[in-house]
Amino acid sequence: MGYKFSKEEMASIFSKLAVDYDVFAPVVKKGDGTFSDVDVVRYDKVSSLDEIEFEKKSDYSFKEALLPINETIFYFTEDETTVPKGPAKERLVFLRACDLNAVKRLDQIYLKNGFEDFYYKRTREMTKFVLIGCKESCASGFCASMGTNTTDEYDLYLKLDGDNAYVEAKDEKLTEIFKAGKEETVSPDFVSENLIKVTLPKNITPETMKSELFKEYGNRCINCGRCNFVCPTCTCFTMQDIFYKDNERNGERRRVWASCQVDGYTEIAGGHGFRGDNADRMRFKVMHKIHDFEKRFGYHMCVGCGRCDDVCPEYISYSNLVNRLGKECE
Amino acid sequence: MGYKFSKEEMASIFSKLAVDYDVFAPVVKKGDGTFSDVDVVRYDKVSSLDEIEFEKKSDYSFKEALLPINETIFYFTEDETTVPKGPAKERLVFLRACDLNAVKRLDQIYLKNGFEDFYYKRTREMTKFVLIGCKESCASGFCASMGTNTTDEYDLYLKLDGDNAYVEAKDEKLTEIFKAGKEETVSPDFVSENLIKVTLPKNITPETMKSELFKEYGNRCINCGRCNFVCPTCTCFTMQDIFYKDNERNGERRRVWASCQVDGYTEIAGGHGFRGDNADRMRFKVMHKIHDFEKRFGYHMCVGCGRCDDVCPEYISYSNLVNRLGKECE
Amino acid sequence: MSLDINTKKAKKNAWRITKERGIGASRIRVPGGYCDAEVLGMVQEIAQTYGNGYVHLTTRQGFEIEGIHLEDMEEVNKKLQPIIEKVGINQKGEDKDKGYSASGTRNVSACIGNNVCPFANYNTSNLARRIDKEIFPNDLHFKVACTGCSNDCAKVRMHDFGIIGQTMPQYDPMRCVSCNACVKGCQSLSVGALRMENYKIVRDTEKCIGCGVCVTKCPTRAWTRSEKKYYKLTIMGRTGKKNPRLGKDWLIWADEDNIVKIIKNTYEFVEEYISPNAPARKEHIGYIIDRVGFEKFKEYALKDVELMPETIMNNTVYWDGIHFDNQH
Amino acid sequence: MSLDINTKKAKKNAWRITKERGIGASRIRVPGGYCDAEVLGMVQEIAQTYGNGYVHLTTRQGFEIEGIHLEDMEEVNKKLQPIIEKVGINQKGEDKDKGYSASGTRNVSACIGNNVCPFANYNTSNLARRIDKEIFPNDLHFKVACTGCSNDCAKVRMHDFGIIGQTMPQYDPMRCVSCNACVKGCQSLSVGALRMENYKIVRDTEKCIGCGVCVTKCPTRAWTRSEKKYYKLTIMGRTGKKNPRLGKDWLIWADEDNIVKIIKNTYEFVEEYISPNAPARKEHIGYIIDRVGFEKFKEYALKDVELMPETIMNNTVYWDGIHFDNQH
Amino acid sequence: MKNEYIPQLSEIKEVIKHTDLEYTFRMAFDGEVKPGQFFEISIPKYGEAPISVSGIGDGLVDFTIRRVGKVTDEVFENYVGDKLFIRGPYGNGFDINNYKGKEIVIIGGGTGVSPMRGVIQHFSKNPTDAVSTTVIAGFKSPDDVLFKKDFEEWSKTINVIKTVDNAPEGYDGPTGMVTKYIPDLKFQDIKNAVFICVGPPIMIKFTIMEIQKLGVADEQIWTSYERKMCCGLGKCGHCKMDDKYVCLDGPVFNYTEAKELFD
Amino acid sequence: MKNEYIPQLSEIKEVIKHTDLEYTFRMAFDGEVKPGQFFEISIPKYGEAPISVSGIGDGLVDFTIRRVGKVTDEVFENYVGDKLFIRGPYGNGFDINNYKGKEIVIIGGGTGVSPMRGVIQHFSKNPTDAVSTTVIAGFKSPDDVLFKKDFEEWSKTINVIKTVDNAPEGYDGPTGMVTKYIPDLKFQDIKNAVFICVGPPIMIKFTIMEIQKLGVADEQIWTSYERKMCCGLGKCGHCKMDDKYVCLDGPVFNYTEAKELFD
């Protein structure tokens, strides 16, 4: 059901909402970009509507709202282990269609690939998603190519338009809150086409794995891992055991985001690593996104948000690599 | 009487001449200018015609051919003094009209101002002058204003013109040498007008001495003395007693060019100097050239060669100063 | 009339009296090197109309138009007017169309800065232009340069005042993924002030030079720049025949306003203590300090300066360099 | 398609990848800073057509055209062709219209030199251009600068190779008038290597740095320049975060040909000893020498070099500078 | 809901030293375990490492650990009676049924022998479960040999070739790489042969090349992969190869699958 | 032709010490000399300096030399019997006839007294040659007084005011600048007065100003200039002032000329 509000009304409702919920949304972090006097848009907890960046696609995805960069698995005190508490409040996560499609991928790994993940699950179950529409395509995304340009998995759709705000609430509890507004038909803005079009390779063979393209791009790669860290579908982590400097018998185990492009990712005790070569890492990443995830789960991992292209300091275009690979495989 | 030669004939005659005479002439000294890769034209002993620079006015005047920069007055050995020998050969000095007029000024001081100068006289008596003509005025000279644009005091006039050479010999001995040439009427090239015109101040009073102009130019002056050293009419020198490092009881007394613009010129034992101020030095120099020499000897000292203007590193234009002073005194 | 030029004035008017008799060169300066492209055409026109068609690009970020007849100085000065205005140089009204009002204080130079460069910690050109506005016109011999980071592409350590951009790196351990990029970056590109401890970064605050390499290397925004911009002030470096030496750090983690104040204060110090025999009142500040002592300099320089609590000031600065003046 | 740019190649092609996403800057270099004024107009046009209308004048004597969309790199490279030709930079045939063939070796910079400057002892731009021809294109990180005299306006002591013009002053006592101008000049402007003895000048040949001040000060041409041009070669100065330091004198009274040879030889040394981990094969030569030893460097550098008898070579060179890398 | 990440304390029942670097820890564990499965063994403050089961007993499980890396170094400071955190077993393990009634060749290199130890033990105790059983085990030198007593025991019932790459003068056992002994293997029916091969990647590569020369089909070859595994639960991603998670789908793979798994 | 630059050796006959710095050297010389003339006195290896004649005797000439500068320092190391190079006399000197029958005032400062000594001596010996003769001599302090014996002698026949600028307590002679004593001078007929004034430039300047206040015409004033003189022969140029060469046309000038001579 859709409702219309004035922007002021919406701001006021939102402020109340932000008391009951932990609201995670893209925020412009002034000067926090890689370079001096450059901003970054990333997720943070917000308490008012005007903190939210609705226009620019976030540089880092929503995923940290579900999967903290650092997450404590348990504390240990001598021989005992204690699991930290889960979220105290339900949470709202503002995101776009591509990202909401990415939630499905996170669920796939964390809930449906072997064991269920205790930590993800308890947060996920308390999370509702608020869709931000896309009136026009961003410059680097190719969601239409990946079929992730639309979604109906949102609990709320919220749109600001001039002095007005529109919502469509699907979640019952949220509907309660917004039904005070003027009823109006509201349907999300989705793009149907992007500037970037990606055609996935059709016939991937063992030969594909040896494509010179991986070498070419691998040589350009500096193994910084940004492509993974901004990606809404990358889920890897590493375990870290910390001992407290004040009492070395106590500490905690954490899981921390990991990147398949960064040194050490495949390294086992004794120092042997399995993908020392950048070409192999590049292949591994790309193939995961457009080939083997699909092989295992039946649909592609990549949601075409384009963040990896935007963030790469070496201007490696994953989308271009995929298109070139597609042509090679024809 | 005038004679014409081919340039080759002249060169050959000249080479022989240079055996009998010490020939002093303007020579381009490559790279010996004040600044890197800059030439200077100054007098030196030459043995062939092509060493002589006929086109460009020399930067330093001919006067060093008569008055060495350093001249030993006598050697002393314990209580004895010995006077160095004078020139062994007669000398020919190549110069232009302005400079030949300057010879008169040198003579005035060294022969007719009180005592006769032993050293100058013995050289002067062995010197003949070869006039270089001026087909057109140099850029900075104002000989016409000073009435020094012409002369008939030369012993020989020599002109190179394309493949030919012309001489007019007035000196008997020199006529002997050149009379082998084809007789032709030869008369020197003199300029009748210059680019620079100088009007001397007419009514010089004690007030003139206090003109602000001297301060203005004095402030610009750096007391390097170049104007004096290039001047064909400046005659000042300082006495120096040298003791030989190898035997300090023996040594020599020299006279060395001095400049009224350089520090120390008026300094007496004990350190007191009479013209410490640059304005006073500037006035002293200018007044000597255009006023008090004339007061003493009946004609002006300055011959308007313009070298002081050309050489001044501070671009002080003496000629302009004089013209401005002239206007002030009107 | 023969050339009759007050060379001292001409030099102060930013003209060079060249080694070639009668020929000058017009020295056009562009504060911080930040140059509207329009200026290029203007310089070209002067060079082709009055000069010999060649222009020397100077290492102080100016143009030196060669081969101008000294007679044309006045006319060229008129032509300089739009350039002076375009690059925003201070000028008194009566100096319009008369070229530069002073030349003793050298062009404030700057690396390209954070307009463009990924490593720069501030907008060097803007600071250079601010300082230029504050100190120009002035004929005392001051050399000031701004550089975006400790790489010092502007060679500020060869200046009387070198301003090196710093950032006080801010670390959010909860965003850190222990990828080591900052540690490696600091080790290979900077001073090795970072180490990993318990999977998190420990910054040696004594050693850290505030270059910001950690920030640029961080893939997760665990490292970000401080909101405040910081500057290191190095002082009294110089080239030259007697004792070329590197400027040494005096203030670390200082702020822009105080640095500007210190530079201006130093003018008063120099006015007071410059050698009366200094030719054309040109004496490097460093030599004045060598003569009258660092304490006296400090007394002047720090007038009305209240440093931020985090600013580190070295009480004494020791220089070395190479001594050609009193060797052996 | 999204921007897909080999930044390493672009950088070697003399492009800067700026801090602004998708925006590059074209780095035009002018060897020795000697610039046909025509070039200015060309740069202006590129800046106004493809850039943001602003150009940074660099302290290495180049133009950095700001604000060019990386998509336009190829087109701008074509526009650079006449500039590259005008300033006379080496280029292989196949590199035509493709911009600069390399950028690791930095623009050979030069003070204005004896084209113009009264103090310079040689034509710095010409030597810079000669060296450029000899060493370019090359991607190894070399910084070479030429300065006309020990005043070092080009700040050559912050370079790997600094070439300082010298003249061996020639004294004709018979032209000397004991005016003391040279003694005073040497004392106030240079190192005080002259003294008067018996009314004539005695030059302390150990102390004399060959700056030529005595020659320019002499009013009678008693002092003149040597016919041969001499150069002091200072080596391995640097700015930077770890250990900024002054280049120190290695050769004194050396000749041009041997210096050029030494620089070229050093490329072979670096090829051999550069750290395989050097990012983008960029390692300052000084650090390589620090690592492998001065003797090894000398062995390479002096290959086929036969120094003139009057050339003084310091057998060992000791650097100091400021250590930020291993302080405290 | 079960939190799979939480480990349990397990007592060290026995420590067997093989070499200066390699020990077997016999730990208390109640539950179903298969040879070839692995546990995540952790010491708080140091972290976890996936360790293969090298033996299975009653309420006991063996872990043969090489002293490399910081995690396993710490383990050696634990002794009998001390406790370690463990969680597992994870992975598929070897299915004995795949090898019963076959001419079995088990080829192992170094610690690669550990995951197969349960399999070897089964067939050496029950030699008639197979047509024949041959073990080719390679070690760097005589000092690096693991399971010395086991080899003595096993050689009583099955064929054992224990070779060392480098031997001191006078050493009278077999020497050279394991691959050296493959061409000489005799089979009644090569089609009924099965090969299990575990060891360092380079050893597996050349061993399989050698096996294939015998005309063996991919289906007859098995291997087990050692990969970085942080979670053991199909989450952390480190062990993924192509569409397989070594921790879930392996570590034991038939070569038909394994051959498509690129690193 | 005579080479005027060549000096002659002259023996030092007597050395009279006036102060720590000032001595009179009595040298052998045969020839015509006038008070106010000067000689170029030189010591080989050190150089020449123009020194005024401070006394004239038979075959003798006195030079009172102040120990300043390197030339005159050396002179003090010569003693009786040693020899110095001298050439001269040069310059015009004082013409006694200009002062005969006048009311003479001779004003001297420091070594400025030397060139006038011959004049004073003449009129003290022949007091009736003049209407009156007054000497005002100024010195810095009692220790700087020159010609002490002369002053005693002179004061017997002519008026002598010997003043010192600075005197220690208890000094009972005249003190203050010479100018202080000028206004009080008494003249029978000021138009018949002549003034001779020699000393440092500043002293001459103020003295003449004071004299002029008395209503004295320029023609009645004489002075002598001390200038740098290298040659003494009108060549080297150092002593030139306006169109005058001090060495040739001076050093004694009537003030009508002197007033137009700018430095």
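Order of writing sets the chain letters: A, B, C, D, E and F. Residues in each chain are counted from 1.
Keep this in mind: a residue touches a chain if its C-beta (ideal position, glycine included) is under 8 Å from a C-beta of that chain, and two chains touch if they have at least 3 such contacts.
What you see is a predicted model; the values in this text were computed from it and never measured.
Engineer: Any chains in contact with both chain D and chain E?
Structural biologist: Of all the chains present, those in contact with both chain D and chain E are A.
Engineer: Based on the averaged CA atom positions, which chain is farthest from chain E?
Structural biologist: Relative to chain E, the chain with the farthest C-alpha centre is F.
Engineer: Between chain B and chain D, tell me the centre distance in angstrom, where each centre is the average of that chain's C-alpha atoms.
Structural biologist: That gives a centre separation of 45 Å.
Engineer: So what's the Cα centroid distance for chain E and chain F, whole Å?
Structural biologist: That pair's centroid distance is 124 Å.
Engineer: Can you give the whole-Å distance between the Cα centres of chain D and chain F?
Structural biologist: The mean C-alpha positions of chain D and chain F differ by 67 Å.
Engineer: If you look at chain B, which of its residues touch at least two other chains?
Structural biologist: Chain B, residues with two or more chain partners: 34-36, 238, 240, 242-243, 258.
Engineer: What are the residue numbers in chain F that touch two or more other chains?
Structural biologist: none
Engineer: Quick one: which residues in chain D touch 2 or more of the other chains?
Structural biologist: 17, 19-20, 114, 118, 120
Engineer: Any two chains that touch count here, so list every such pair.
Structural biologist: A-C, A-D, A-E, B-C, B-D, B-F, C-D
Engineer: Can you list the chain A residues touching chain C in their complex?
Structural biologist: 29, 31-37, 40, 42, 60, 68-70, 224-226, 229, 238, 240, 242-243, 245, 254, 256-259, 262-264
Engineer: Over in the complex, which chain A residues touch chain E? Could you list them?
Structural biologist: 73-74, 76, 79, 81, 83, 109-110, 113-119, 121-122, 206, 209, 235-243, 248-249, 251, 253, 255, 258, 260, 265-272, 274-275, 280, 283-284, 287-288, 292-293, 295-296
Engineer: For chain E, which residues are in contact with chain A within the complex?
Structural biologist: Its residues touching chain A are 1-7, 9, 42, 44-49, 66, 68-69, 71-72, 83, 85, 200-201, 226-228, 230-231, 233-238, 240, 242-245, 247-248, 260, 262-263.
Engineer: Residues of chain D touching chain A in their complex?
Structural biologist: Contacts found on chain D: 1-8, 17, 19-21, 70.
Engineer: Over in the complex, which chain C residues touch chain D? Could you list them?
Structural biologist: Chain C reaches chain D through residues 16-20, 25, 30, 33-38, 40-41, 43-44, 47-48, 51, 53-66, 109, 111-112, 114-118, 120, 125, 149-155, 157-158, 188-192, 206-207, 209, 211, 239-242, 244-246, 248-249, 277, 279, 320-322, 324-325, 327-328.
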